[in-house]
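Chain nomenclature is as follows: A, B and C, assigned in order of appearance, with residue numbering initiated at 1 for each chain independently.
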Amino acid sequence: MNALLVARDLVRHYPVRTGLFRRPLRLRAVDGVSFVVPPARTLALVGESGCGKTTTAKLVLGLIPATSGEVTFAGEPLPAPHTSAWRAARRRMQMIYQDPLGALDRRLTVLSQVMEPLAIHSIGTKPERRERALALLDAVGLQPHLADRYPHELSGGQRQRVVLARALILEPALIVADEPVSALDVSIQAQVLNLFEDLQARFGVAYLFISHDLKVVRQVAHEVAVMYLGRIVEQGPPEALFRDPAHPYTRALVSAIPVVRRRAGRERIVLQGDPPNPIALPSGCAFHPRCPVAVATCRHETPALKPWHDGRLVACHVAHGEAALPQAA
Amino acid sequence: MLRYLLSRLLRAALTIVAVVTFAFVVLRLSGDPALLIMSVDAPPEAIDAFRAAWGLDRPLWEQYFRYFLQVAQGNLGQSMRDGRPALTVVLERVPETLALTLPAFATKLLIGIPAGVYAALNRNRLADRLTMVLSVAGFTVPSFVLALLLVLIFAVNLGWLPSGGAESWRHAILPVITLGLSGAAILARFTRSAMLEVLGQPYIRAASAKGLPWRRVITDHALPNAAIPTVTIIGFMVGSLVAGAVVVESVFSWPGVGRLLVVAVANRDLAIVQTILLLVAFTMVCANLVVDMLYGWIDPRLRTARTQGA
Amino acid sequence: MTPQDTATGVLQNAAAEPARGAVARFLDSWPPAVLAALAWIGGMVFVALFADSLAPYPYTALDLRARLSPPVFIGGDWRHILGSDELGRDVLSRLIVSIRMSVLIAFGATVISAVLGTSLGLLAAHFRGRIEQVVLALVDFQASMPFLIIALSVLAFFGNALPLFIALMGFHGWERYARIARGLTIAANEQGYANAVRQLGAGAARIYGLHVLPNIASTLIVTMTLTFPEIILLESGLSFLGLGVQPPMTSLGNMVGYGREYITRAPWIMLSPATAIVLTTLSISLVGDWLRDRLDPTLR
């Protein structure tokens, strides 16, 4: 299976000044991340704020340079940002954000904004572009009379559809979606997620789907990678992750999903300790200060992301049985 | 806090450097500085001494440094009219100008701020409309027109007050009124919009909802917060104390720094012009620095801000 | 006025709505003061454009037999509707030509200032880094010195030929455009529409020309209505002092300056240009305020 997007050992550090005379500290936004996105499939990146998901997305699109590691798209390395090669590469990879209102120019009609990417890359004549834009608005489920409206006249869900239409009109192979449904009402979220799936079936587009919300991810993803403090701690098919989380952090996340009736034996795990700080990374496993099952090894040795017994990747000493398990889990 | 003060101090220093550089460049571009700055009957030895002191035959960067030195020592050339040192001539006039601008400043504050606050509190009622009309009038009527109108009414037609000169305190009344009213109008408008902005904030509603009497809400919450942007504009007015009266002094023939500047520009007495420019810059920078420090003290957000990691 | 009063006031106004007709609604969105202001501005522009045909006499024409004659409504005759000055020159003609001069200078300077400020603001926002620091330092410098003093210094050193004078006036207020343009562009670039279009592969020309500038234009135009009257006041102040527009050219400030000597004998020489100045700055300020209120619906 040839991969569309390959990220290998991506690292991105930021120097941070803490005072006039002290040496700058290092903010490890992304600390060695590798994954593969196959064509027309969805990989979800999940984690809390500050875990490095958005930075990873920007690295993958070539928006910011990596401190080390590499990204290949369709077998080729990414061009440097904002060069003409990079602009040409935009045809094949696109990004959509959380806030659709900000992403749209409030002075232009929805139709003209969906047409614009074609104009930028000089594709087709004006009537042809109009045709395609209208077809795409239809594909995302917007009625034709909305084409001449302005962004502020539409609802949040409708706006996000417009943004999707605009992203798809160039027929990209990959769309990176950064919290695309987080700003929408729950009922609308479901509709938009269904739309994502339909569009993937119809246009064969791959998604790198970033979210902090596990329930959202469960619906659309073929594979889920859980991130914590710049590293992937568990990666595998969503059902496996949700039914039987291997990493303690994943377990805590999954237990926090609200359910209508709590099944007996499923207790909510509340993590102790301070929220993570990417500047002062703990030694060894980054999660060990808050981990309910941490042992001595976890303090000294950083766990590697290795295959587990069912094929998933897990980075945890305890999960791999490399340390003596404590009595209470 | 210390970091904030240091950065402000740095900024002030940079502005002074910028103004001195500006003066230097402008002086160079307009001819031979020796001839421009020295008076017409200065003896040739004095001119040569000047050239030496300013290093006019040296490379440009060296001239720049020497210029700085000269400025720092107060050696700013001589007035073209009487050959006296420019700095002395200018400083002599400063008390005269302050005699006008200080009372005017007090007037601006005492009329402008209460008017603006009152207008904001009685929004869209008669008091507000009236205050706004007067304030717009103060802002659109240029100071020379206002001055001439006052002269026309009070000096020419009514004969109550003198129309020019600076012999007695009665001569100061019309100039002070002119300056004070225009400034009060601007301040009123500004204070009003600052107050309106503050009054629209959620915390005002919260304070009122807590049961605090409305007067207390104003004095404890609204006014202190509205003071913050108002302080900036007051700082600007303080900075203009020395040279904010250019037009008014000219209309009333008041022998202050402003009138001196106008005469100097007309006669191309460049030493005086340069001196006044630098003096005003210095005053403005000091006033801004004081304002910045006041900010640091009034605005608690600045007091406790520290850079943290991430 | 307490919040409770405001609330009841709003409710009462809302209840009174249905009884008003079309005229009232028209006057609501176009207040009479603003209409009058727009009419005055239109008049000024008309005069400025057609000054030569409108002036009854050439503005330097002497009429020594009719020196210091008062305007028609105070006892003069129709030959000099607004009176004449100490050399018999017709005040109305001089007023018309002065209006043209002042309007021209203010307009030219406003455009220069807007273009200069906006360009620097855009550059600062686009390139960030060093360039932004330099632009911000310049903005600081401009904002920290009273412009009148800088203007006077430049006039002293370089003289006051008209093109130089207009260029000098063009430096008034550019920092406001720069600040606004920079702020709005940075917001658009970071998470907004400019960033989105850049993501699509658009080049700088398209981003700034088709997206950013149209979006910030309205705020900039409001700023122009604020700086325009300030420039008129600045120019007339300088001309009044004899340092601005030089004879034989005439501007509004100029006329007031010359009329000053005759304030006792012939106040009309000074009053007509003074009135023109006041009404023009007033009109533009009113229109500017109204525009700003219209453009920002979230306002008080």
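Methods note: a residue touches a chain if its C-beta (ideal position, glycine included) is under 8 Å from a C-beta of that chain, and two chains touch if they have at least 3 such contacts.
Since we're looking at a predicted model, the values are computed, not measured.
Trainee: Taking CA centroids for every chain, report which one is farthest away from chain A.
Mentor: Comparing chain centres, B lies farthest from chain A.
Trainee: Point out which chain occupies the most central position, where each centre is the mean of Cα atoms.
Mentor: C
Trainee: With chain centres defined as C-alpha means, what is the inter-centre distance between chain A and chain B in Å?
Mentor: 55
Trainee: At what distance in angstrom does the C-alpha mean of chain C lie from that of chain B?
Mentor: 23
Trainee: If you average the CA atoms of chain A and of chain C, how many Å lie between those two points?
Mentor: 51
Trainee: For the complex, give me every residue of chain A touching chain C.
Mentor: Those in contact with chain C are residues 82, 87-88, 90-91, 94-95, 97, 99, 102-107, 116-117, 120-121, 163, 166, 170.
Trainee: Quick one: which bits of chain C touch chain B in the complex? Just the residue numbers, please.
Mentor: So the residues of chain C touching chain B come out as 1-3, 137, 140-141, 144-146, 148-150, 152-158, 229, 233, 236-237, 240-243, 253, 256, 260, 263-264, 267, 270, 274, 277-278, 281-282, 285-286, 300.
Trainee: Show which residues of chain C lie in contact with chain A when the two form their complex.
Mentor: 191-193, 195-203, 206, 211, 214-215
Trainee: Looking at the complex, which residues from chain B come into contact with chain C?
Mentor: On the chain B side, the touching residues are 11, 14-15, 18-19, 23, 26-27, 29-30, 121-123, 125, 136-137, 139-145, 148-149, 151-152, 156, 196-197, 200, 205, 208, 214, 236, 239-240, 243-244, 246-247, 250-251, 261-262, 264-266, 268-270, 273-274, 276-277, 280-281, 284-285, 288.
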